[in-house]
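Look for subunit A in each of the two complexes below; its partner is subunit B in the first and subunit C in the second.
Entry: the complex of A and B
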């Protein structure tokens, strides 16, 4: 129990734990200390803007309230009861407005702008400034997604502190001095970083605005819908702003255990895929080899029914892992109970063993030792988790990454072997993990048996008995776990893998883009694809049923922590959503599927989620308790690592953060997509006389690609990394030469 | 050699930049003695001496050094940082100390480092001070050669042309390789300074006084000067005076003594109009204050400060509005831009002063100028904002009629005849960048 202190703010006595920030203390007592620069998520207070001036008894000068903490006996007066404080705050606002353009009527921030709001509450009503204002070129696109208006900037340094001290990308910087200070990007390069969009939300004025939102809406015309991002397994909580039914922007909706109010740029900016020009808004039937003809819903349902009936149960279903639990359940119920079609290509399943080591993501911040196992940078698999790691590291935690590009280098694909070694008695790091009370393990690689590997390690290290230690598995799909749960909940029966495949049902654009699914499709007589984008299905699907986006769905999803969260429909889809037509189709096979997500959830929650109700999930879902499950034994057969012989290099393909059918359809995100590059280790580049930026030929048996070289000093010699969209046909070992 | 000289003692007759000469006047003998004393015994002498910091703020040095955690109280190393950024307009004493008695500074560093248990000393030297840098560097080499350093490393770090980097926390940021902007206090540097470790920061002159204090004892030092202002100070005398320069004098000497006796008075038949007693940052005095003693307490009584010890004499040919404009321009140029009142207020002050000087101002704008100063005062993150507002407000206060005349006459009453020739440098002289080539 922390020591409580009693202080007085505006004659009100307040009791809080010692050390609580004065701003928070006042807020708790219903008293406002207005702030601009203060933002605890950015680190210690900097005291720059001077908006928070308060009078403290016994101190001759006004004090910056944001830099103070609650102390016993402190007597504080805010503008409400102190003329001096009121005058100080009025002065700050007068100074801030001297050179501010006051173009509120055409400013995107107008109506939801702290500068406007605080000026109304504390500022001068008129200006005494008669001189020409400071002017700058404006707006300046600091990236395709962010515009900067330097005239509106009040130099609170929130954005630069985020860039330097939270995302650690060091790209946004202040330049010059005094009244000439301006915000700019390092070397004036575009702000290209995974978390750049957060600065838009941090900016307390309209200086940093979203190019997507520019002139799109005014605050009184918009509606905000609380939902959850399911573009990756983190499941950040978001607020979706819509105007006239169209999504205009996505903002964070701080879930302190999940995302702390940060989003990655994919989650924030990718929503315009909803309006992609190849969005499927009508069922389609294949005509000729590479064409589609629009058909009516009636025809589509008839055709689907006919194809499914004719399959004699020889049906395979491929799921994306981005479906809602309800939508996956509806599909599963139709196919499994109605047609006995139990064969499915599921997204990587999650092993329940991981639940014995469950922790909220926020526990990472408090850990003292964190070991990340695997070849993929965390930011690529679960972006916001990377910010938690950085926060932990800044707080003094030791973060060890073990992989082909880690702080400890291992051969690609040897994550399981690493786990084995850490569990062994000879490992020093393993010993420290075992001794720590606050240690965290993270699996950041493909494979890993749905978390079973890392859970086995956590079990061996004795984490089950330590509430502060835990393990995370970073899966490849956003809701693979929920989808697998739903598939399993629909039926207990099993069936043989059909051969040949009569019908392949492909659910979602991700599955439809997966090369393995495409290979299956070649063996199927008929392919039914449920997709959002026509080009994804073109040339191989026979029947296309329109899909919807997570922003258009009501339902639930389970994130990588095992947290069940509620999605809400932010935008009305341009087509009937999956559940509504699944319900009709199911009826034709005598299967009862509700067209509404709530009854569907109720039905399956009874079997898999212990009767949980949607109401219980709430707007910020809680995390279930740790499960008491014995840890699994590690899988004995791990893939042996492939050593490089110096000439041939091991190709490590990766899925970049900015990739996928949705991202490909967002013009503003194109600059974030991976360049056609090959990452080489310093050694390998030296040996071949290659420098960063050189064009190189990457070859393997019969295929080749011309790519630009980039040196990655963290990469294990003998390994090259290429984004999978550029590595398409290359084999596991490649030669790299300068042409 | 004037009897009162302590810091510059001996430098008039010999070239004390050479270690042998410095040793001949007893140099480095005190270092040996100090190292033989316990650190606390050295600290006690500094406390007894009651020397106040010579950088501007005038905080007692011994007390500040006592705030440094004792060995075992803090896991981090302890640092000593010498502030040699000397950029306050009118101030040029530290450069003289570095040019003429570099070894006294080094000896002071080594004794102080011993007193606070530090093995790492940083001297942050103004970027434009290339000659001084070279002399200190040569002296350091000699001290190294003579095996005097013990386990102490002294790092010379050149600034890059920012007045604000003389402010102690901005200096630390700059030393760490960050943007030179002040930090909020607390924590104070003595607890969490350089690299979040306990750090003592003192001015060149303060540190260069330490050997004499330890050599003769704190009581001896405290005997000189006045009760509130012990010892001597090196005063930088400039402006409209015959013999400008640095004079090390006992504290308590009057302005009259400094200006007339040492400085030879004003040239020709000119009369004193105003005196700035402590560098550009402090409120101005008038001719009536000529008998004020140069002490912290006497200046406080007059509503001003002894500051950096720079005394600037302003004669009756000077236009106070032009002077205000020049000073305001300096602060606008040097504001770091971190906090609102200083960043925006200094620019506004310049705009208003320019308008008054040009004779375009309205009556209300004179009060506006005072109000702007008032709105900066006491509300900034670091003292630079106050340092801009205080002098300007004092010029208007004490020479209101002259400001009024600009408004009434619709222009400057001095026309082209006002002379600020020797009163600070115009701001465009601050815009050049320090030389970047570092001598081999």
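Entry: the complex of A and C
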């Protein structure tokens, strides 16, 4: 229990734990100390704006309240009771407005702007400035997604502190000093970083604005819908702003255990895929080899029914892992109980073992030792987890990454082996993990048996008895676990894998873009695809049923922590959503599927989630207790990767964060997508006389690609990394030469 | 309180009194105005059909800020802004109103939009003869609002206009 101190604010006695910030202390007592630059998530207060001036008894001058903490016996007076403080704040605002343009009617921040609000309440009513104001070119696009207006900047340094101290990308910087300070990007390069969009939300004025939201709406013209981002398995809580039924922007909704109010740029900016020009808004039937004709819903349902009936149960379903649980359940119920088609390609392996070591993501902040096992950078698989890791590292935690590009280098694909070594008695790191009370394991690699591998390690290290220690498995799909649960909840029966496949049902664009699913489609007689985008299905699907996006669905999804969260429909889809036509189709097979998500959830929750109700999830869902599951036995047959012989290099393809059918359809995000590059280790590059930026030929047994070389000093020699969209046909070992 | 409904009164007297009032009116000058043949001049500050204005150089004054829409108690203004570009400069500021609509069937002619506008871009004119046969025709677009009203209503010269003495002042 921390020591309590008593202080007086505006003649009111307040008791708080020692060290609480004065702003929070006052807020707790219902007293406002206005701020611009103060933001505890950005690290220690800097006192840049002087908006928070307060009078403190015994101090001759006004003090910046945000830089002070609660001390015993402090007597604080805010503008409400102290004329001196009120005058000080009034003067501060007059100074801030000295060069601030009168842009409110044309400024995107207008109506939700702290500078407007605080000037209205604490500032001068009129200006005494008669001379011309300072002007700059504006707006400056510091990236395709962010516009900077320097005239409006009040130099609070929130944005640069975020870039330097939270995202640690060091790209947004202040230039010059004093009143001449300008916010700019490093070397005037575009701000290309996975978390850049957060500075828009941080900026207390309209200096950093979103280009997508530019002049789109005013705060009194919008609706805000609280939902959850399911572009990746983190499941950040978001607020979706819509105007006239169209999604205009996405803001964070700050779930302190999940995202702490940060979003990645994919989650923030990718929403315009809803209006992609090849969006499927009508059922389609294949005509000729590479064409589609639109058909009516009646025809589409008749045709689907005919095809499914004709299949005689020889049906395989491929799921994406981006469906809501309800949607997956509806599909599963139709196919499994209605047609006895039990064969599915689930998006990924899942295992409940990891639930025994469950922790909220915020626990990473408090950890002292964090071990990340795997070849994929955490930011590519679950971006916001990377911010938690950085926060932990700044707080003094030790973060060890073990992988082909980690702080400890291992051969690619040997994450499971690493786990075995850590569990062994000879490992020093393993010993420290065992001894630590607050240690965290993270699996960031493909495979891992749905978390079973890392859970086995956690079990061996005795994490089950340590509430501060836990393990996370970073899955590849946003809701793979929920979809697997839904599929399992629909039926207990099993069926053989049909051969040959009569019908392949492909649900979602991710599954439809998956090469394995495409290979399966080659063997199927008929392919039914439920997709959002026409081009994804073109040339291989026989019947296309329109899909919807997570922003258009009501339902639930389970994130990587195992937290069940509620999605809400922000925009009405341009087509009937999946559940509504699934329910009609199911009725033709005598299966009862409700067209509404709530009854569907109720039905399946009774089987898999212990009768949980939607109401219990709430706005910010809580994490379920740790499950009591014995840790699984480690998988004995882990195959170590073949070491490279120097000439041939091991190809390590990775799935970049900015990839996928949705991102491809957002013009503003194209600059974030990985360039056609091959990452080489320092040694390999030197041996071949390659330097960064050179064009190189990457060859493997019959296929080749010309890519630009990029040196990655942290990469294990003998390994090359290529984004999978550029590594398409290359094999596991490649030769890299200078042409 | 006295209950008057039961007070004794001669019905003939009452009827005669009533007709007496009617009879007296016959000899007075009628005050009926034959609209639409005669159009009585309006007060200069009468609030009627809106008008959007341009600067002298032809640029629209409206910057599409939606403040009028925020002020409107009937929620009948719809503004969709867009960005001015060097090739397509419509207004003086960074943005302009790509769509500006007022639904006249909902407007209560309160004039709050005029008060809210930071650029004096919108004012309420004197035109009130704006009935239509279809409701949709009452949604005025930006082009309609920028144009001169088709029908003009005479407005009294404020110098000559004598404000009538309110009834309650002469009869109390």
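Note that the second predicted complex is superposed on the first by the 739 of 739 C-alpha atoms of A that agree within 3 Å, B and C clash if a C-alpha of one lies under 4 Å from a C-alpha of the other, contacts with A are read in each partner's own complex, and residues count from 1 in each chain.
The definition used in the following text is that a contact is a pair of C-beta atoms (placed from the backbone, for glycine too) under 8 Å apart; a residue touches a chain by one contact, two chains touch by 3 or more.
Since the model is a prediction, treat every value here as computed from it, not as a measurement.
With both complexes brought onto subunit A, simultaneous placement of subunit B and subunit C is permitted, the two fitting side by side without a clash.
By the touch criterion stated above, A:503 is placed in contact with neither subunit B nor subunit C. In the superposed model, A:423 makes contact with neither subunit B nor subunit C. Centred on subunit A, the angle reaching out to subunit B and subunit C in the chain A superposition, using CA centres, is 90 degrees in steps of 10. In the overlay built on the shared chain, the residue A:221 is in contact with subunit C alone; subunit B does not reach it. In the superposed pair of complexes, A:110 makes contact with subunit C only, with no contact to subunit B. When the two complexes are superposed, the chain touching more residues of subunit A, out of subunit B and subunit C, is B. Applying the stated contact rule after C-alpha superposition, one finds that A:129 touches subunit B and leaves subunit C untouched. Applying the stated contact rule after C-alpha superposition, one finds that A:180 touches subunit B and leaves subunit C untouched.
Once you line the two complexes up on chain A, you'll see the smallest CA to CA distance from subunit B to subunit C is 26 Å.
Of all residues in subunit B, those touching subunit A in their complex are 162, 164, 179, 183-184, 332-341, 343-348, 351, 355, 368, 375-376, 378-381.
Considering their complex, residues 103-106, 110-111, 139, 214-216, 218, 220-221 of subunit A touch subunit C.
Residue ranges on subunit C touching subunit A, taken from their complex, read 63-67, 69-70, 81-83, 93-95, 118-119. Residues 45-51, 53, 60-62, 64, 67, 87-88, 91-92, 94-96, 98-99, 128-129, 131, 134, 154-155, 157, 174, 176-181 of subunit A are the ones that touch subunit B when the two sit in their complex.
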